[in-house]
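In what follows, subunit A forms one complex with subunit B and a second complex with subunit C.
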Partner chain A sequence: MKKWAEVALGVVTSIGGFLEVGSIATSAQGGAEFGYQLAWVLVLGTMSLAILMEMTGRLAAVSQRTYADLLRERFGYRFFLLPLVAVFVVSLLVVISEIGGVSIALQIATGIDFRWWAIPTAIVGWFLLWRGNFTIVEQGTAMLGLVAISFAVGALKLHPVWPTLGRAMLPSLPSHDRARYWYLAVSILGASISPYLYLFYSAGAIEDEWTIEHLGVNRVTAGMGNVFGGGLAIATLVTAALVLAPREIKVDRYEQIALVLATPLGRAGLVFFIMTLFITCFGATLEIVLAMAYLLAQGLGWNWSENLKPDKDARFATSYSVLILLAALPIAIGMDPLTLTNISMVATAASLPVTVIPLFVLMNDGDLLNTHVNGWPSNLALVVIALLSIVLLVAALPLQLLGGG
Partner chain B sequence: MGALHLSHDVIDAQLVDRQQEKIGRIDELLLELEDGQPPRVATIVIGGVARARRVGRWMLALHRAVHALFGHREEQESRVPFDAVRRIADTIELDVEGDALASMRLERWLATHIVLRIPGGSGERK
Partner chain C sequence: MLQPASTRTTRLYLALTVLLVGGGCGSPPPLDKQLETLASWTATMQLAKERHGAGAITITYATQLRDRADEAFQQASTTIGQSAQTHSDSAYAAAALDSLRTAIRQLEAEIGS
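== the complex of A and B ==
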């Protein structure tokens, strides 16, 4: 019984964790500009993330070590600097965008300019990290994040054309604006497959004291959670395709995305949109700064746990405190959250090889995983994701220049 | 247990002290050379300088510059004799007191000067 409670909780966690500023913005842009056509990218991104999460979760549950810990130990400090720096740069961009998302939600709700909300958001977030424990951060944001289901309700009320949507699950070439299409494809992949997600998940497996007994929970959490989470992202794309595309509204401000729920659901839709944007971005803010602090602490061998009082892991606690306050500054001085979101999603996509490729080595290490090493299907999937990540790295900058505007 | 691979199992491994508290990683490992004796693994080095040295001269310069900026004069580096190793498993246990290590100075400083001055910084498990 307890196990099923854990499974349910895990699934809820990944639903709440999946939708955040990046996937809301990029899915809405994709739907507004290309209708259902980019849905296949969400399918690809969601499947890739599910596979990466299952693997890092399995690695942690069996070896009792986090992915960041093993990145340092097995690949050495020189190599470790690569994922450390890459993940820090992109995660900082993403967390700034998330604080931007929270601030925009508050601006729409109150009418007070988003810049004023960045620092208070960071302070409240810091307080929760300082006083709260892992369970509060993980489950609190996940439970509240269920409000994102309103996107699915909105999509259903708009009566999508199912056969067309079904066909969009398979890749197709654009009939217009090729550079923009591929740019959005890369952004959507960057929003779906974020390194912070699997670094956080792998540290979470240790925080939640997972053992080999939890491999089933891990599989269901990574699989089902992402099916639901990805489903909500597709619902966002569908609502944008049905609300924004016919009116030829291209998303260049967050307020426009509010229309996608206000149209099918009326005033309640606007409220749900604000709540979804607020909660999911706030939850992601906490998870990203924790993921960065985990990476740093585990890589350098410091004491770390969100379940310890800060004086027991002073460097870890100081790290997330400094990071969350630092991330509020660009928004406080008025950087545009949406522009930042788009740049950070493309940067995330480009950063993937350094955290995806080493996983292949670790997942085939019998000393760490015994009989739970990857079989050939998992290895094949991981090779495909690794190749995809290399394509993203190469394509990111040219597409940012050609299709970013 | 049979042979251990220094670069695979020992260098970069997580270190814990007598109380099983995490105290950093093996950032460098020194061999001791004595006349007429074969070289032997003698010293574990923990600290940012050692890590920077492994990356290259520019990193070392960067590291020094950052520390100079904060007005540090002493190297925050610990050298522990390899004889202090008590156990080698997923982590390596050293027969030392973590709090006494120079490489833990920042941890101690942050704990006493910052963390403990903020409400909720100390106490039992959250």
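== the complex of A and C ==
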């Protein structure tokens, strides 16, 4: 019974945690400019993330060490600096965007300019991290994040054309504006397969004291949670495809996205949009800042746990305190949150190889995983994701320049 | 002295970035992109007016949309002339600007600002 409760909680956490500023913005932009056509990218991103989360969760449960710990232990400190710096830089960009998302939600609700909300958001976030524990951060915000289901309700009320949507689940080439299409595809993949998601998941498995007994929970959480979470991102794309695309409205500013829920759901839709943007971005802010502090602490061998009091892991606590306040500054001085989101999602996509490729080595290490090493289907899937990550690395910068504007 | 391939690749990427970003600075976006943006904001204003009329959005939110559309209008007003090469281009640009100005005014009338 306890196992099923853990499974249910894990799935709910994944659903609530999937949607955040990047997936909302890129799905809405994709739907507005290309209708359903980019739905296949969300399917690909969701499947890739589910596979990576299952593997990093299995690795942590069996070896009793996080993925970051193992990266340093098995590949040496000099190699570890590469993923450390790459993930750190892109995660910082993403957390700035998340604070931007929270601030825009508060601006839409109150009319007070988003810049004024960045620092208060960081302070409240810091207070929760300082005083709260891992359960509050992981499950509290994810539970509230279930309000994102309003996107699915909105999509259903707009009566999507199911056969057309079904066909869009398979890759297709654009009929116009190819650079923009592939740029949005890379952005959507960056939003779906953020390294912080599986690094946080791996650290969470240790925080939640997972063992080999939890491998089933891990499989269901990673699989079902991401399928439902990815479904919400597809619902966001569908609402934009049905509300914005027919009117030829492109998403140039976050404020325009609220119309996709206010159209099918009326005033409640606007309220749900504000709540969804606020809660999911706030939850992601906490998770990313923690993931960055985990990465630093695990990489440098400090004490770390969100369940310890700050005086027991002072360097870890100092790291997240500094990071969250630092991340608020660019929004406070008026950087455009949507531009920042797009850049950070493309940068995230480009950073994937440094965390995906080493996973292949670790998942085939019998000393670490005994009988739980990857079988050939898992290895095949990981090779495909690794190749995809290399393509994203090569394509990211040219597409940012050609299709980003 | 020969440099490692990774250093050369990094420099190539940096040079490409500087060239493309630098080349992009100072020159306005192409006319078709600017016309698309203006049409997009015109449609946004029309949808906001319709949604406000149906009671689906607040005045606070509608005002923010109006402000963002106004920013797009002001920006296009200063750059679109440079992108218009012919008389017909200029006519399209003027019509697009006029449509957005009208849509903004209609939303303002709807929300009473």
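As a working rule, the second predicted complex is superposed on the first by the 405 of 405 C-alpha atoms of A that agree within 3 Å, B and C clash if a C-alpha of one lies under 4 Å from a C-alpha of the other, contacts with A are read in each partner's own complex, and residues count from 1 in each chain.
Keep in mind that, in the parts below, contacts are C-beta pairs under 8 Å (C-beta built on N, C-alpha and C of every residue); 3 or more make two chains touch, one makes a residue touch a chain.
Bear in mind the structure is a predicted one, so any value in this text is a computation, not a measurement.
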For the three-chain model obtained by superposing on subunit A, do subunit B and subunit C clash or fit?
fit
How wide is the angle at subunit A between subunit B and subunit C, using CA centres, rounded to the nearest 10°?
120
Applying the touch criterion given at the start, work out whether A:R247 contacts subunit B, subunit C, both or neither, answering first, second, both or neither.
second
Looking at the overlay, what does A:L399 touch: subunit B (first), subunit C (second), both, or neither?
neither
Quick one: is A:E255 in contact with subunit B, with subunit C, with both, or with neither? Answer first, second, both or neither.
second
Once the structures are superposed on A, label A:T110 by its partner contacts, choosing first (subunit B), second (subunit C), both or neither.
second
First (subunit B), second (subunit C), both or neither: which does A:L49 touch?
neither
So in the superposed three-chain picture, is A:A86 touching just subunit B, just subunit C, both, or none of them (first/second/both/neither)?
neither
One more residue to check, A:N303. First (subunit B), second (subunit C), both or neither?
first
Would you check which partner chain A:G266 touches, where first means subunit B only, second means subunit C only, and both and neither mean what they say?
second
Please give the nearest C-alpha separation between subunit B and subunit C in the three-chain superposition, to the whole Å.
15
Overlapping contact positions on subunit A, where the subunit C interface meets the subunit B interface:
none
Of all residues in subunit A, which touch subunit C in the complex?
107-111, 243, 247-250, 252-253, 255-256, 258-259, 262-263, 265-267, 269-270, 397-398, 401, 405
Which residues of subunit B touch subunit A in their complex?
7-8, 11-15, 21-25, 27, 51, 54-55, 90, 106-108, 110-111, 114-116, 118, 120-126
Within their complex, subunit A touches subunit B through residues 63-65, 69, 72-74, 76-78, 80-81, 130-133, 300-304, 306-311, 314-315, 317-318
Under the stated contact criterion, what part of subunit C meets subunit A in this complex?
13, 16-17, 20-21, 24, 29, 33, 36-37, 39-41, 43-44, 46-48, 51, 54-58, 60-61, 63-65, 68, 72
